[in-house]
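A, B and C are the chain letters, set down in written order, and residue numbers restart from 1 in every chain.
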Amino acid sequence: MFKSRGKEMQIYIVPGIGTGPTTLSAFDAALNSAGIANFNLIKLSSVIPPNATIVPQDQPLPAGTLPGEWGDRLYVVMAEQRGDTPNVEAWAGIGWVQDQETGRGLFVEHEGQSEQAVRRDITHSLEALMATRNVDFGEIQMQVVGRVCTHHPVCAMVAAVYQVSDWENRPHLI
Amino acid sequence: MFKSRGKEMQIYIVPGIGTGPTTLSAFDAALNSAGIANFNLIKLSSVIPPNATIVPQDQPLPAGTLPGEWGDRLYVVMAEQRGDTPNVEAWAGIGWVQDQETGRGLFVEHEGQSEQAVRRDITHSLEALMATRNVDFGEIQMQVVGRVCTHHPVCAMVAAVYQVSDWENRPHLI
Amino acid sequence: MFKSRGKEMQIYIVPGIGTGPTTLSAFDAALNSAGIANFNLIKLSSVIPPNATIVPQDQPLPAGTLPGEWGDRLYVVMAEQRGDTPNVEAWAGIGWVQDQETGRGLFVEHEGQSEQAVRRDITHSLEALMATRNVDFGEIQMQVVGRVCTHHPVCAMVAAVYQVSDWENRPHLI
């Protein structure tokens, strides 16, 4: 395939939906349904390293899938939409492209109140990111989730999970 | 007590209040009154590692309490509310629970325009986070600060201070 | 000059302007015009380490200026203003002071819809940050960029580029 300086890494794409008495607890419930609620998340701006394999998940990550321990830092690209207005929808999605030759890729994250708008923005953004770099990284893929807010605050969230670092700054590749 | 993989770490909880000619300078003054203004802060999403001891502070951290040097990275959970509307209050708070058996814990951060709302949100969020995980980590604790905006922008801030990393990526546990 | 614990580091100040079909793609185009679009950015709160030399750039960083590889983490202080309302301007700027004796310094970042407001806020904030610390770090410098939104979303961005970390947590000083 392609060679790269770094060790191989897997980037799981995990969707989550949650509700709670506050928008913060709805966000936490979404993280929990994705299997990443017990890490300290740090957000990245969204480039796929050449040595990464993208692994989309439909289900929560089973306990023990991720290395590291409760409270470690987890580096993620994340789209999340919180909402607390009844009958309004919350949608979030991550899209990506990855060059099969070099392994280089790009993520984009979008949020909004309709699935259609989120999917359209993901497509438009990735097309523009490739045009800016004058590259064609192939077919656009995406994972998008959402739900309507009823009585309680809701959160829709999709995360791309890069790496765990413990508090002695040791890396734990996934 | 409990055993864990990592080295022991202290997490100070430091409150700060500040004013200034801009909301940014009010935020900086709040960080300064807490003793953490001369680090590069990186925000975490708020999980307490099992090997951590929570140390709430009423006063600014004395110079020299934190390891590391001017300009190092400091990882924090933070609640902060900035305001520049006269007669409107700015309130921020962090709440936490920690299991006495395993040492695992959770932070939540909330901000708003009234002390009562911030305290209520902290309680509701922590109750929901424990319910989501099906755990009871014991009594809820919190540190909440605020003040009213008069002529100048104000900022109310509470930070939980995890670890310093220097620019050669060496960790400095607190 | 002054001595310090850490290795010498350069902090480039890079401005960027971009447009695109979405505000996210306009932001990416601004990063690309600055030469930093292919890193995973992590935002810092803005303190200049004593061992740093500030290097303002008018042009994009030439390829190969920064160490590290596509997808590595890049720690930055960043001001960015996105806009999608025709005839409205987007302005962003970073200002700084650095003590010639100790090398210690401070950044501030401001955004808005007029150049004048951004420049004024930068000046007021840096004056306040120095007053809070009871220091005089000398003359205020700044880099400010902007443009008017026409048909497409725009982004004005200025970044101060600290350090690259690869996914095995090795630091690459600039």
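Quick note on the criterion: a contact is a pair of C-beta atoms (placed from the backbone, for glycine too) under 8 Å apart; a residue touches a chain by one contact, two chains touch by 3 or more.
The structure displayed is predicted, hence computed values, not measured ones.
Fitting subunit A to subunit C on CA positions gives a rotation angle of 120°, reported to the nearest 5. Two copies of one sequence, subunit B and subunit C, touch each other mainly through non-matching residues, since under half of the numbers at the interface are common to both.
The distance from the centre of subunit B to the centre of subunit C, each centre being the mean of the chain's C-alpha atoms, comes to 26 Å. Across the assembly, subunit C contributes 42, 169 as residues in contact with two or more other chains.
Interface residues of subunit B, counted against subunit C in their complex, comprise 18, 20-22, 24-25, 28-29, 31-32, 37-42, 69-73, 166-169.
Those residues of subunit A that touch subunit C in the complex are listed here as 4-7, 9, 42-50, 52, 75, 77, 104, 108-110, 121, 124-125, 127-129, 132-133, 162-163, 165, 169-171, 173.
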